[in-house]
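In the part that follows, the structures are each spelled out as structure tokens.
What follows is a pair of complexes built around chain A, which joins chain B in one and chain C in the other.
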Partner chain A sequence: MELFTNAVLLTLLAIVTVAIARQRSLFGVVILSGIYSFLMASVLIVLDAVDVAMTEASVGAGISTVILLATLHLTKSIEYPKPRNTLLPLFVSVFVGAALVWGTIDLPAFGTADAPIHRHTTPRYISDAQDHRIAPNIVTAVLADYRSFDTMGETAVIFTGGIGVVLLLKGRRRRRPGKTAGEGMS
Partner chain B sequence: MKHDVILRVGVKLLLPFILLFALYVHYHGDYGPGGGFQAGVISAGMIILYALVFGVDRAKRIAPEWLVERLVPAGVLIYASAGLPAMFAGKNYLDYTIYSHDPLHGHEWGVLLVETGVIVTVAATMTAIFYAFVDRGRSA
Partner chain C sequence: MIFAAAAIAILVSLALAVVRALRGPTVFDRVLAGNTVGTLAILLLATYGFVTGRPEWLDIGIAYGFLNTISTLAVLKFFRHGDLAYDIDEKGDAS
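What follows is the complex of A and B.
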């Protein structure tokens, strides 16, 4: 059953990816990327990563779709016409894809319990969590307890990113005071 | 922007449940999936949904822009200051065990405090970014 679910989800993901690449209208691309995020959230649920799935569904499919649609409102919503010479881009993407696949050959097999990443600190996290000294949801325990400093940095990153976007979009526009009008609004 | 009455009433009915779910995800993060980040995004999503259906001006009456922009750094400050009491008590920064005599309860309180910082920053940042995009679209 799990194999069947995975096969369906991954096939749909591949279809959506091809559709995004072939789509010229950026509005369609935004909607398709929202669908991609929902499919990805389903894949993450199958992988038992519910926390990540929740984030993917709310950020990837929810908020970023709305933000991207707002961006389309500010810019033009049609992609530039296809470049004539597709040979170089094709070569670059095939080369990079091949390099990535080649890189995965050395990785431990999917789902092996004795991969190095699962033997370093993870056993201690799990045994301590079972001793009930920390929050029973180990993901929360690792994020907010063991790696509290990292999460503080992450919060600061969100703060910095948000302030940056707000400054960029709301900062006083000194140059071209009249020219910005009518730039968007397609 | 006038929408269908079914859409408006439906969204109005949904909003409290979205907020309730966000608070559940936040406060239950110790035991169930989720935490401050997810809860922050969900509660920002509630404001964005309200703004999409009823207009940004009415959304800004619920979550005023000045408040949202002040909450963005406030969350980071809540997080950072959650570690200070432990420091003054002579323990490590962000050591949660000082919040209660029982270590488990101390950890729960500590996690709740820092997650409150996270939810405040994330919800405010998402809403502020949304407001910034919408306002730019209006003035342009």
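What follows is the complex of A and C.
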């Protein structure tokens, strides 16, 4: 069942991706990327990564749609003539994709219990998280305590990105700065 | 068993909604198809939980519903006014 569901969802994802690349209207691209995000969130749910699915849905389908629409309003949707040579970009993307697939060959199979990532520090987290009394939930303890510097770096990156988007969208609209900034952050 | 059948039916409707989003002659077909995909994602989330015997993530469907509504409203507001910060009181007319 899991394999079948994933196969269907991933096929739909591939179809939507090709459609996004071929779509000529930017408005349609925004809607199709919303569809892409919901499909991707479903794939992640089938793969048991509910938290990542939640992030994908809220960032991809929620905020990205709104931000892309706001950007579409600020820019103009004029189509430039076709780029001269598409051969080199095609080669680069195929090469990078092949390298990534080649890199996954050595990975342990999905869901294997004795993969290195499950044997190195995870047993210690599981056995000690209760005794250290840092957070009542092991996942929260790992994210917020054992890997707190990592998480702090991540939030700094996201915060910087958010500030950049807010500044970009604010730009010309001096008349009602509060509202535009509010949209970027909501 | 019945949940597996429901999940397959949802996957088929997902495929149909994606087809509508790709072919849709007007923008509204695409918007409606996007909204349908969001709704079907909620249904798939709920059904798949029961298929695997762990229906603990039902409440995430609520968040998906919120996101779906917000993004559809944003798209439609942009389509009508060409501006997300449109304020009906400021412009004076509702047209």
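To be clear about the criterion, the second predicted complex is superposed on the first by the 144 of 186 C-alpha atoms of A that agree within 3 Å, B and C clash if a C-alpha of one lies under 4 Å from a C-alpha of the other, contacts with A are read in each partner's own complex, and residues count from 1 in each chain.
We take it that a residue touches a chain if its C-beta (ideal position, glycine included) is under 8 Å from a C-beta of that chain, and two chains touch if they have at least 3 such contacts.
Please read these numbers as outputs of a predicted model, since none were measured by experiment.
Undergrad: What is the contact status of A:Thr140 with respect to chain B (first) and chain C (second): first, second, both, or neither?
TA: first
Undergrad: Check the residue A:Ile163 against both partner chains and state whether it touches chain B (first), chain C (second), both, or neither.
TA: Only chain B; A:Ile163 stays clear of chain C.
Undergrad: Let me test your reading of the model: by the given contact rule, A:Ser148 touches which partner, first (chain B), second (chain C), both or neither?
TA: first
Undergrad: Return first, second, both or neither, reflecting whether A:Val50 touches chain B, chain C, both chains, or no partner chain.
TA: It touches chain B and chain C both.
Undergrad: If you stack the two complexes on chain A, which partner ends up touching A:Phe95: first (chain B), second (chain C), both, or neither?
TA: neither
Undergrad: Touching A:Ser58, do we find chain B (first), chain C (second), both, or neither?
TA: Both chain B and chain C are touched by A:Ser58.
Undergrad: Name the contact category of A:Ala70: first (chain B only), second (chain C only), both, or neither.
TA: A:Ala70: touches chain B and chain C.
Undergrad: Let me check the overlay on chain A: which residues of chain A are in contact with chain B and also with chain C?
TA: On chain A, the residues that contact chain B in one structure and chain C in the other are 50, 54, 58, 62, 66, 70, 73, 180, 183.
Undergrad: Write out the stretch or stretches of chain A touching chain C in their complex.
TA: Interface residues on chain A, with respect to chain C: 1-2, 4-5, 8-9, 12, 15-16, 19, 27-28, 30-32, 34-35, 38-39, 41-42, 45-46, 50, 53-54, 57-58, 61-62, 65-66, 69-70, 72-73, 173, 176, 179-180, 183.
Undergrad: Residues of chain B touching chain A in their complex?
TA: Contacts found on chain B: 25, 29-38, 41-42, 44-45, 48, 52, 69, 72-73, 75-76, 79-80, 83, 94, 96, 103-104, 107-108, 110-111, 114-115, 117-118, 121-122, 124-126, 128-130, 132-137, 139-140.
Undergrad: Report the residues of chain C in contact with chain A in the complex, numbered from low to high.
TA: The touching residues are 4, 7-8, 11, 14-15, 18, 21-22, 27, 30-31, 33-34, 37-38, 41, 44-45, 48, 51-52, 57, 60, 63-64, 67-68, 70-71, 74-75, 78-79, 82-85, 87.
Undergrad: Given the complex with chain B, which residues does chain A contribute to the contact?
TA: The contact residues of chain A facing chain B are 50-51, 54-55, 58-59, 62-63, 66-67, 70-71, 73-74, 132-137, 139-141, 143-145, 148-149, 151-152, 155-156, 158-159, 161-163, 165-166, 169-170, 180-185.
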